[in-house]
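Structure incoming, see below.
Labels for the chains are A, B, C, D, E and F, by order of writing; each one numbers its residues from 1.
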Amino acid sequence: MLPRIETLIDLALDEDAAFGDVTSESIFAPEHTSNAHINAVQELTVCGIEVARRVFHRVDPALEVKVTCHDGEQVKKGQTVLRASGSTISLLLAERTALNFLQRLSGVATLSRRFADAARRTGTGVRVVDTRKTTPGWRALEKYAVRCGGCHNHRLSLGEHVLIKDNHIAAVGSIRQAVTLARAAAPHGAKIEVEAASLAEVRAAIKAGAEIILLDNMSPRQIKSAVSLIDRVAMVEVSGGVSLETLADYALPGVDVISVGALTHSAPAVDLSMTLTASRK
Amino acid sequence: MLPRIETLIDLALDEDAAFGDVTSESIFAPEHTSNAHINAVQELTVCGIEVARRVFHRVDPALEVKVTCHDGEQVKKGQTVLRASGSTISLLLAERTALNFLQRLSGVATLSRRFADAARRTGTGVRVVDTRKTTPGWRALEKYAVRCGGCHNHRLSLGEHVLIKDNHIAAVGSIRQAVTLARAAAPHGAKIEVEAASLAEVRAAIKAGAEIILLDNMSPRQIKSAVSLIDRVAMVEVSGGVSLETLADYALPGVDVISVGALTHSAPAVDLSMTLTASRK
Amino acid sequence: MLPRIETLIDLALDEDAAFGDVTSESIFAPEHTSNAHINAVQELTVCGIEVARRVFHRVDPALEVKVTCHDGEQVKKGQTVLRASGSTISLLLAERTALNFLQRLSGVATLSRRFADAARRTGTGVRVVDTRKTTPGWRALEKYAVRCGGCHNHRLSLGEHVLIKDNHIAAVGSIRQAVTLARAAAPHGAKIEVEAASLAEVRAAIKAGAEIILLDNMSPRQIKSAVSLIDRVAMVEVSGGVSLETLADYALPGVDVISVGALTHSAPAVDLSMTLTASRK
Amino acid sequence: MLPRIETLIDLALDEDAAFGDVTSESIFAPEHTSNAHINAVQELTVCGIEVARRVFHRVDPALEVKVTCHDGEQVKKGQTVLRASGSTISLLLAERTALNFLQRLSGVATLSRRFADAARRTGTGVRVVDTRKTTPGWRALEKYAVRCGGCHNHRLSLGEHVLIKDNHIAAVGSIRQAVTLARAAAPHGAKIEVEAASLAEVRAAIKAGAEIILLDNMSPRQIKSAVSLIDRVAMVEVSGGVSLETLADYALPGVDVISVGALTHSAPAVDLSMTLTASRK
Amino acid sequence: MLPRIETLIDLALDEDAAFGDVTSESIFAPEHTSNAHINAVQELTVCGIEVARRVFHRVDPALEVKVTCHDGEQVKKGQTVLRASGSTISLLLAERTALNFLQRLSGVATLSRRFADAARRTGTGVRVVDTRKTTPGWRALEKYAVRCGGCHNHRLSLGEHVLIKDNHIAAVGSIRQAVTLARAAAPHGAKIEVEAASLAEVRAAIKAGAEIILLDNMSPRQIKSAVSLIDRVAMVEVSGGVSLETLADYALPGVDVISVGALTHSAPAVDLSMTLTASRK
Amino acid sequence: MLPRIETLIDLALDEDAAFGDVTSESIFAPEHTSNAHINAVQELTVCGIEVARRVFHRVDPALEVKVTCHDGEQVKKGQTVLRASGSTISLLLAERTALNFLQRLSGVATLSRRFADAARRTGTGVRVVDTRKTTPGWRALEKYAVRCGGCHNHRLSLGEHVLIKDNHIAAVGSIRQAVTLARAAAPHGAKIEVEAASLAEVRAAIKAGAEIILLDNMSPRQIKSAVSLIDRVAMVEVSGGVSLETLADYALPGVDVISVGALTHSAPAVDLSMTLTASRK
């Protein structure tokens, strides 16, 4: 497991159980064992199942954990996604942390799945992608959940992909100048994307040689005009308040990508719960 | 600033800017300066303003940052919440991380404010409280945002407050037994709370001497009966799917506390943005 | 194992062996193996045995470690508490770190056991509890050692349990005011405790509705008066220089809790040592 | 400040205040200010004063902190060692952590001072030194406190100084063999010390060319014989249960060093406290 | 300063000075002050000057540090690059760590400068770029030093830029298949690069739509043929043992990029030293 | 494995794969498996083989890893040093990080081996030792690699061994004074070394009782005079720009140690590579 995910698991256990679990430790002997099931309380696209497994093992390497689904799988209401058995105190100590990872990551995957399905229904081949509007500390996990839900990732960080926005253009004077500077300095493997809020800016971006043009907060009508101006010399990205309801209006022919911040910043949690049963051993 | 918050800021900067910002570093000279404003794009209850300030200083201690509101303040659409000036590269590098903290914490505070207002309107003195269903790594910050929105906190971690749930009771055999064990072992400062899903369990919890009784997923009618059984010998908490719409139905006389997981796990982000203007210096 | 304990183990190994063990690495070949025993050099209440096991495994997962007692157990002089076998270099590298954890935690447990026994002999049911006067970095471990010795924990941190002290009262003006503010803001699960240094303050605390009253540095005679004033409407805690010798004088009927900082801040280490024998394999 | 000390401060604040201070935050407004004094409640050798200062600044860089003594200074009962002023909430949040560092480090320094004074009174020039029996995580701080109290340090870690003990000798077969191997492999700057429990071993150590000979658990009479055998060809260290009371018996002419584990593992805490007064500003 | 660089500074100080500096602390009083100069002992391209400044401040925030050059500057033999004044103990404690950063980063920058100059002299506009063959922990710093020396960066990590190598092609069966899968799954902002070791593979890469073709270990003659096959439909990268001596042979017209692992993995350190002078204050 | 090495492995994986490996994850299914071999591309002295093994297991504990050589072994061109099998995605994700450790540590060991061989050929018994001029974060690993190559270590850190240099002497006034202060304060186990740049300083160092005298940047002729002055009352260390070519000129009779900074700061990487083959399972 990548080190950054372990860091997040450790932070989570530390904030919930730095001093252990007073309730369970008062009630159960260390040798008391149980079986636990984590079930989906609603239909959902599961994500985070290996993280949950790792939470149980981090708390107690002696727990036996069996994963019964895989990330990205569509899970029915009531379906078991993970079984664990061993020390009752360990199972209860890990419960909430494991569920907190699952409910959030599956929440992102479930919303992404709905967007991916909506995109597929448009038949235009458009991709729905996420943004950098992620929960601090969770970038890699949330971007992974987006992929598990069938959507795609936009740039991961500030480091590689060049995205020239209104603030850059205003400060440097012109789109042409910004693109020229970026091309000279940025790695040869970095694509250069330019944000455009008007058709004039679209024209400037084309002329400057942008490889991707981001149409920012344009209406479907404006997008149509922009797409025909661009005429396939650059990739077309649409951004700005697109919802599940309005996606089809923006997924016009020639639009390659629609970016949706809500995939990561406003996905509601989905509901999963853990149940203990007596251990037969 | 408490160490744990610094850890989260560092994780966030690291995942967004471990290799710097290729766009801004290509376009701007290190000595280029600007002024930045962070504005609310919608009405909201602000939270995280000191965290945002710290993000700017973590990136570049030479930035001048001026906070123009305080956590918990109701902020109008278009209102500026923070101003920063200095190196353009530093401002743009910090931008998204600062906004990601603000949009999430203010999202939790804004939703909490709506619940707190709804609770106040019931006139019963009921408290709306959060749960442990928080984003891993964010427990302290999200619980703080809940308070900024006028709601209250339930237990912070597994360590102090005893909460005996269905899984404990099933495994140990009886509510009486669980309460007795917990009282003997738990710190004298810990209150003992028991979850009850039926009137029979409410009776058992009263008899066992529970200090707080959690009515789990009961209808308003059942709650009314439970409250009258409890008759003020214990505090009454209501839990289970209470929404802004149904809150008034559950805030019956005698109910002290209503816990709402959605405050932290499903609050949508609110919208804030940063604008650069030319620096006069 | 909880992440915070791993952090402490890593700090300990790092400060003792960041550059390895020049003595053993000079003398032994990597394939040289031995058996090691950790024995009690004096009678003691053992604590930290799982931490010690983890130290050996952290240094070298290939070591075989067998624990031959459990935390809280009363161990005789000469008794073996842990056996380990494998690489001689690994065993010697882990030795001092493992012993340093054991000697300190068992020291706290052994002193706590003496206090718990003294409390039991009073026949009043009084609890001896620790304080927040713990070794920085060791809070959770030392509070655990206190429990292993049969005493109990006072509040774990500043976060949950409200304790209003002289400094608070002086700054805010009155006990009543302090309690009122705390009750309004603190979580419903937090008990409110008030420190009182005189009978007048005891009366004020009672009137303000304190749930626990801490009698600070009172003589047994004053405590007797305070207990009769309080008359069971609040829990009674006695604090201030109580020793093993004077405990019985303070454990008056009606006193629920006696807090003793020395349990964690002044427990002398107990003596354990490790012996190597030739490995037969 | 060295990074490792910051780590320990962060661990300490995190375990005491990960969720803030519910008491003070309930009672005081953020803008409420006070003055704080940390005073010695008993006579002591102070140590940790810069660590305490850093604790206050870590919590709140806006606090003004003035140190009124220096590490190693002999401080009278009632003397103020540190003054801080600023936010009341910040002062109270830092209080216990700052005191916990001071009480422990000053405890070690105070005990070391008593040993150093006893050594000086023998007039033999003997040094009292510490051991590696330190509190895990605290090695550098405790060794520093020992020096502040006028004693000296033995080896800091396993890395540099070679110390061949009974376990090494038993496993490798002979003192000569162990010394030869160590000399060939260890850095040229490392002195080679050999533990001897009998006069025969002392002879073997001399013959092998040990630079320091550790007389382990010998009686004063045996030590006298050993010293005369060694006859200044090696430094002489005495080890094993030497107390303040018996120090003079062991500090025989020719003994260079007496090592005392209790300096770090069993020094009782000394008493310091913090008082708040109203802020005039 | 970005968190990752602070982490590396802390590791460096910790490994050199976890127990302080026994020499300086033995010789100088805490109040002894000096002036320090760091000078180049040879001509070099300086890099790491802000890291060095931060090392001094990390050790002691009271040191005054003045930087007298900027990263990427060509510095003459004997030229001062940084001045610091304050506590002598602090200056000496920071010295080696500051120099160790400077000598390595300036070493990478100095070698990169020679490659950049050689590339410029070819007049073909070819870029010399680094690889992922960096020192573990130093990726961001070494890539920055490469840019300071006038070369460019290849991909920063495994995360964004797709690079399909012989191992991928062998395992998946064909270049076409690998490119198709990558295009479907990778972010739209990621360029797709394919490694080719023969003209047949170059043809397959062109047909599959590779955006960059890496000519692996080809002779100048083979490169010439490959370039003419590619005919500007993809960017051309040359890789494999290119040295300062042979660079001109490989920088053929049509070659866009030459990657050189030695920039980061085999740059020799350059020589800088620190001198103390008496402080006049 | 010692905690500090794990920290470096985690930093390395994090900088290379914080967001996973877009190429392999696009191309291979999670269940696709392969066999991997790491081979030497040139003759070399291998070092870091256990670190490499740990890199594979850190990425994926299910990988089977078999080490086929040991650190310090002389490895032929083409020889396999490590085999791993399991998930293709995991193998490729770990590849570069494992190689980056191996190429650097083996580079240091290979250069050290050449120096050790050159020293042996002089027949004087002189030791070649490293310095503190190591890569920040890598001190322990690089010093270990030096030993694997048959050279020895100079002091590990500033903490134990006293080394009085020109800066110390200038600031304190005289060698005698510096040595006296150091002897009084430093641990009894620390040897005292003095740097001397002239025969006058050599005389002063002898008189002051230095245990090691470092002849700084002296010519072979000066060294000869210094050695005869010292006449075996102190160990003799030669330092300053000694290369493989000139080593024999400096390894004069009576010189005990020659220190060479280049062992760690300028060792070029050696070449190793990883090849995948289809997995038969």
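Quick note on the criterion: a contact is a pair of C-beta atoms (placed from the backbone, for glycine too) under 8 Å apart; a residue touches a chain by one contact, two chains touch by 3 or more.
All values derive from a computational prediction rather than experimental measurement.
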Given chain A and chain C, the chains that contact each of them: B, D, E, F
Relative to chain A, the most remote chain by C-alpha centroid is chain D
Which of these, B-F, C-E or D-E, gives back the A-C interface, meaning over half of its contact pairs coincide by residue number? D-E
Rotation angle for the CA superposition of chain D on chain E, to the nearest 5°? 120
Chain pair with more C-beta contacts, E-F versus B-D: E-F
Chain B and chain C: spacing of chain centres that average the CA atoms, whole Å: 32
Can you check how far apart chain A and chain B are, centre to centre, with Cα atoms defining each centre and the answer in Å? 21
What is the distance, in whole Å, between the centres of chain B and chain E, each centre taken as the mean of its C-alpha atoms? 43
List, in ascending order, every residue of chain A touching at least 2 other chains. 4, 9, 11, 14-15, 17-20, 139-140, 156-157, 159-161, 185, 187, 190
Among line, ring, star, complete and other, which best matches the way these chains touch? complete
Spell out the part of chain C that touches chain A in their complex, as residue ranges. 2-4, 139-140, 143-144, 156-157
Complex contacts: residues of chain A adjacent to chain C: 9-11, 13-14, 17-20, 58-59
Residue set of chain A touching chain D in the complex reads 14-15, 18
Spell out the residues on chain A that touch chain E in their complex, using ranges where they run on. 127, 129, 147, 152-157, 159-161, 185, 187-191, 193, 212, 235, 237, 256-257
Interface residues, chain C side, partner chain D - complex: 4, 7-9, 11-12, 15-28, 32, 34, 88, 92-93, 96-97, 99-101, 103-104, 107, 132-140, 157-164, 167-168, 170-172, 178, 181-182, 184-187, 190, 261-262, 265-266, 268-269, 274-276, 278
